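Okay, so chain A shows up in both of these, paired with chain B first and chain C after.
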Partner chain A sequence: MISHSVKVIFKKELKNYFSSPLGYVFLTIFIFAIGYVTFEPGRGSFFQMRQSDLSAFFKYVPWLFIILVPAVSMKLWAEEKKSGTIELLLTLPVTVTEAVLGKFLAAWAFLAIALICTFPLVLTVAYLGNPDLGVIFIGYIASFLLAGSFLAIGNFFSALTKNQVVSFILSVVFCYLFFMAGSPPTLEFLSSFSPKYVVNLFESLSVLDHFSSMSAGLIALGDLWFYAVLITGWVFGSIVLLTDKKQA
Partner chain B sequence: MKKNKTNLIIIAFSILSMIFMIHIGSIIGGKLKVDFTEENLFTLSDGSKAILKQLTSPLKATLYYSKTAANKGSEGIKTFNLYSEYINSLLKEYAANSRNNLKLEFVDPRPDTKEEEAAVAAGLKRFNLTESETYIFGLVIENESGNKKIIEFFDPAGQENIEYNITKLIYSINNPRKKTIGVLSSLPVLQEDVSPYMMQMMQMQGRKVERSWIFTQLLKEFFTLKKINTEVESIEAVDALLIIHPKGFSEKTLWAIDQYVMDGGSVLALVDPNAITDTTSPANPMQGPKASSSDLNRISRQWGVELIDNQYAGDKYLTGKGRFSANSAPARILPLLNCNQKCTSVHKDAISSQLSNLMLIYPGAFKKVDFIKDVSITPILTTTDKGNTYTAEGYEFSNPAALWEKFSEGTKPLVLGYKIIGKFKSAYPTGITVDVDNKDKKSNVKTKTLTGLTASTKEAAIIMFSDVDFIHDQFAFKQNMFGTSISNNNSTLVMNALESLAGSKNLMSVRSKGKLNRSFDVIDKIEFEADQRTKNKVTLISGRIQKFQKELNMLGRAANENNIALIQNESIRKKKQLNRAIAKLKSELREAKREGRESIEIIGKRLQYINTLLIPMILVFIGFGIYRRRQKLINKQS
Partner chain C sequence: MIKVNQLAKNYGPIKAVNNLTFSAKKGDVLGFLGPNGAGKSTTMKILTGFISPSHGDATVCGLSVEDYPIEVKSKIGYMPENAPLYDDMTVLDFLSFIADLREIPKAAITHKIQEVLDLCALNGVKHQTIETLSKGFKRRLSLAQALIHDPEVLILDEPTDGLDPNQKHDVRELIKKLSHNKCIILSTHILEEVESVCNRAIIISNGEKKFDGTPEELKNKSSEHKLDDVFRAITTGESVQGVNL
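Then we have the complex of A and B:
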């Protein structure tokens, strides 16, 4: 089903993450940061709450992803553009779609590895009490889909510009906007001048709402659809941009 | 240039279609859900579904939630947004299972609008958040003829019972006739309704105004309550009989209960070896619990069960923490039994299985009597297998440490609640002889014999629990900023039992989505052990002080004019000795407390290091190893 070219690009890209220090630095920062904020001192701390669940962990995952996923995605195309290797890549006997999919899936797999590396937290709650492993599993699925959505946004902006910093900033802004679309302050601001259906429309775009509902242990078809459309939409956008580049 | 424009159009069109598809998808796809929670928080139970299937006429459910106001409010109010979404998804489940008989409407009532007016008129609670913002969060269900039932306010603390509350609303609007529960008690659980005006008048006249227990007030929402006199010859016209603390009942009343059961009646009996809420007993601690002990064994033996006399059920793994007096430090109290799913879920009975937060106070324990053919006797509430009985007398009632001294772990669970179904033999096969109230005083007959059924004619159902205090206002309810609310599953347990006995089996199976206890067992165990160590030190200190007092008293008695100076010196020396010993013990006590606290902190720190540093360190090592390998390869190649 997945073409040979996609597989080749996927393997090469994924290997690249672990053959340079960047991949290790990213993983180290992510795991250290998520561990730290989960155990952070204060009332919201996982250990202070004394509940065998990972709600404290899943609370912070989106916030870290807003920064760290664009950091992974910014180099996907911008670096190729800057160093000129994109021309070489696009002259190879692979389609733009295959190249985009290969790179995107490799980056997504890398983020999945980052999530898997947080497994000591699951062992910790299992050691301390009697966690609902079903809810934890769905929480991880939600985090994986969230990473995919943010990565798709980052992938688009990386394809748009050859400057990694610009790509990073634009990705962070858009990830934040999608994340906060359904938040109370945004909706309140919108409801002050927009009709109700616009507010509802905005609310349905909220990554936060879909993520919260899934990390509570409930998978709705609407949530899966949301992530599928979001990922497909942004990846399609990058394909359009890069196809244009190839034709040019 | 033209190409760029085309691209822009394609991308803009894609974004718009993406937004449109997400919106449509969330409307359509939101209905198809899979619930992965262990407690099935987002799934309706079979009872709810059965009740929804019975709907024959359309109902309209309107959820009022002041979302705009909540968004403008404090962080505390904003947290209600999550709960409102939970209610929202649950209601959608109701609608999906109602064969189109339940229509939903979600309203965000703004201040001074028709919507707000309708919500308040229906009886929902309205809170003023600011001068311009009001807050409403409730549900109105209305049938075709305009009858309305409401949940006036959704308190997140009541999430465990939310499905039951909503289903009950639907059930009650569809089944308007309330079941009648007879209430028979030696305690003032059910009083005449007195208007606030009358209450004020009575208070002004210096008369004591007795109020019903909150629990019976709650029961009135679901049932018609009929107070049964404690001197009664027969019990009739009730769907179920609730007996609370049967203390000092006459033979005639016991006979009436017996006959009610023989006739296939349903009974819920709350009995207690020591009902501490029984203030009708003389306040004499030395008299012991006998004065406030229930006594139903005379007839319950015929049902196959009896309350163990003068003994209490304890379980160190279920003890609750609390203060025994205002000045004492919080400690684990043996008479306080916090029953969680370990006490209920094993029995898989709809009455108790999903409850995980029950608090019993000085509960007793039941034992089975003889085997009775064709009678099913099922435990529905027990301690863990480490539970055991203990006795308490005199001063021990006010001294929790003394009770711990006497307590030892058991080897099998103690039964705190039984469900008994079957046909029984009467406890009064030859009837009873009662005094005759001769009004005309002409007849010389002073007694008469009452005879009745000697064995059950129909199958009867009996549920018994070995505590009375647990449904008292003090232990089952709490006051908060929104008024009185249920503080644990105590009242739910009794309601479950009554629903089960009075019919409506579907509703019974719905109740309580009991939240599973997911506390840190490891930490709880460490705390418990530390508590035990400090308790031993405290006992040691108290013992030393008592010994010193005795020695001082003996010295005092030995004092006379000749040796007074010597004895004073001896007293001072002993006092110094004692102070040193106490100081040493106190330092050991502090040490034991510190050790407990520190061992928890150490676990916390270790886990934090494992979760923050272990994997990063492994990654650094792997990365460094790969780097070294590559360097070697490069060096080799060069």
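Then we have the complex of A and C:
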């Protein structure tokens, strides 16, 4: 199903993360930051809870991703457009869909690597107590899907502009909106003037809800569908955008 | 091998290319001339499938660029304007990426890369990252990636722009060497280039074709055989002394 071109682009892009400082800077910052916030000695932190699980970790993963995933995705297409290499890439025998998938999957794989690099935290809780590894595993799956969703949003905004900063800011804002759509303050605000079904719609669109139930170890088909639709929708949007540019 | 039929491309109210018709066959080196903004690059971008025409069509090797984009792209070698390249890759990595995307069999890739490295005199820099290369090397690398799959059609957008006189000479010699079994279209501002490498010249201005013939015919329009004068007369519409259109 995955074509030769997708594989070639995937390989090139993934390799690129590790041949430039971007990959190492990202991994270092992500691992330090997530380690710090997980063990941070404040309220609701790992040590206060006195439980050997990673709920503190999964609580902070989305917040780091809101900033860090757009930092990875901002260059995906904006840089190609700025430097003109998009003309080189899209005049090779490659379809827009293949190019988008290759780049998107490579960035997603890179984020998966970043998540895998947090394994010492799992070892730590396993050493300290007797955690439910199943819950932790599902939490990681949820984090991976969340990364994919934010990446799909970021990829779309990168395809929209040739300016990486604009792409970054728009992506952060939209990731935040999607994440917070179902939070109590948003819903309260909405219900003050809109009908119930609008409120329900926002609630069901919220990445936060789907993420927190999964990171608590509950795996529901609805959640998986939610991520699948979200990712496919935004990726498809970027394909349409790039194809449309051709006709402009 | 290339047929362009009543091609037009509009950007809003601006007509970048307007009703352009021409064809080129195997063995042709077609020089595309015109002032900046005349529509040369736009035409090349349509031929290579990077943008779609507003009207008309173009076929390459009998295939419509709109209906068979992938097939057409695999028959063309294209060097875009300003030679955009992936700056953070090394020359070798970049060429093997292109070769791999062009579906050159694994066993032949090393051999093919060596061939274009020799052809474009890039052996000395093959391990360097592209961003460290000089302009001349970048141009030649862009040409190398266009040649790696031995395409039937070669489209070069200002291939000698920014090169020093020796490099210009080398690129022209290379184009001549390649021309016998390919169809080559190149755009340029440099009129002597047309004389030295092309067997045909097309002048476009404001998106329209103003001249189609041999460089010899073009030159003969001036009593003093000055290409510059003829070019100015054709593209500006002014009367220039000694030029009889």
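Here are some notes:
Everything below uses one rule, namely that the second predicted complex is superposed on the first by the 245 of 248 C-alpha atoms of A that agree within 3 Å, B and C clash if a C-alpha of one lies under 4 Å from a C-alpha of the other, contacts with A are read in each partner's own complex, and residues count from 1 in each chain.
The criterion applied here is as follows: a contact is a pair of C-beta atoms (placed from the backbone, for glycine too) under 8 Å apart; a residue touches a chain by one contact, two chains touch by 3 or more.
For clarity, every value in this text was computed on a predicted model and none was experimentally measured.
Superposition of the two complexes onto chain A shows chain B and chain C fitting side by side, with no clash. Looking at the shared chain after the overlay, A:Ile239 reaches neither chain B nor chain C.
Shared-chain residue A:Leu76: touches no atom of chain B or chain C. Of the two partner chains placed by superposition, only chain B is touched by A:Leu27; chain C is not. Our angle of interest has its tip at the CA centre of chain A and reaches the CA centres of chain B and chain C; in the overlay it is 170°, to the nearest 10. Judged by the touch definition given at the top, the superposed model places A:Leu88 against chain C, while chain B stays out of reach.
By the document's definition of touching, neither partner reaches A:Ala107: not chain B, not chain C.
Once the two complexes are overlaid on the shared chain, A:His4 sits against chain C while remaining clear of chain B. Taking chain A as the reference chain, the count of touched residues is higher for B when chain B and chain C are set side by side.
Legend: residue contacts after superposition of the two complexes on their common chain; A:Ser19 is shown touching both chain B and chain C.
By the touch criterion defined above, A:Ala147 reaches neither chain B nor chain C.
Measuring only between alpha carbons, the smallest separation of chain B from chain C in this overlay is 5 Å. On chain A, the surface patch touched by chain B in one complex and by chain C in the other comprises residues 19, 247-248. Against chain C, the residues of chain A that register as touching in their complex are 4-5, 8-9, 12, 15-16, 19-20, 83-85, 87-88, 90-95, 246-248. The touching residues of chain C, when paired with chain A in their complex, are 11, 45, 48-52, 69-71, 73-74, 76, 78, 80-82, 84-89, 93, 97-98, 100-103, 145. Of all residues in chain A, those touching chain B in their complex are 18-19, 21, 24, 27-28, 31-32, 35-36, 38-39, 47, 50-53, 117-118, 120-121, 124, 127-132, 134-135, 137-138, 184-185, 187-188, 191, 200-201, 204-205, 209, 212-213, 216-226, 229-230, 233, 236-237, 240-241, 244, 247-248.
Residue ranges on chain B touching chain A, taken from their complex, read 3-4, 7, 10-11, 14-15, 17-19, 21-23, 25-39, 41-42, 67-68, 70-72, 78, 81-82, 85, 89, 516-523, 604, 607-608, 610-616, 619-620, 622-623, 626-627, 630.
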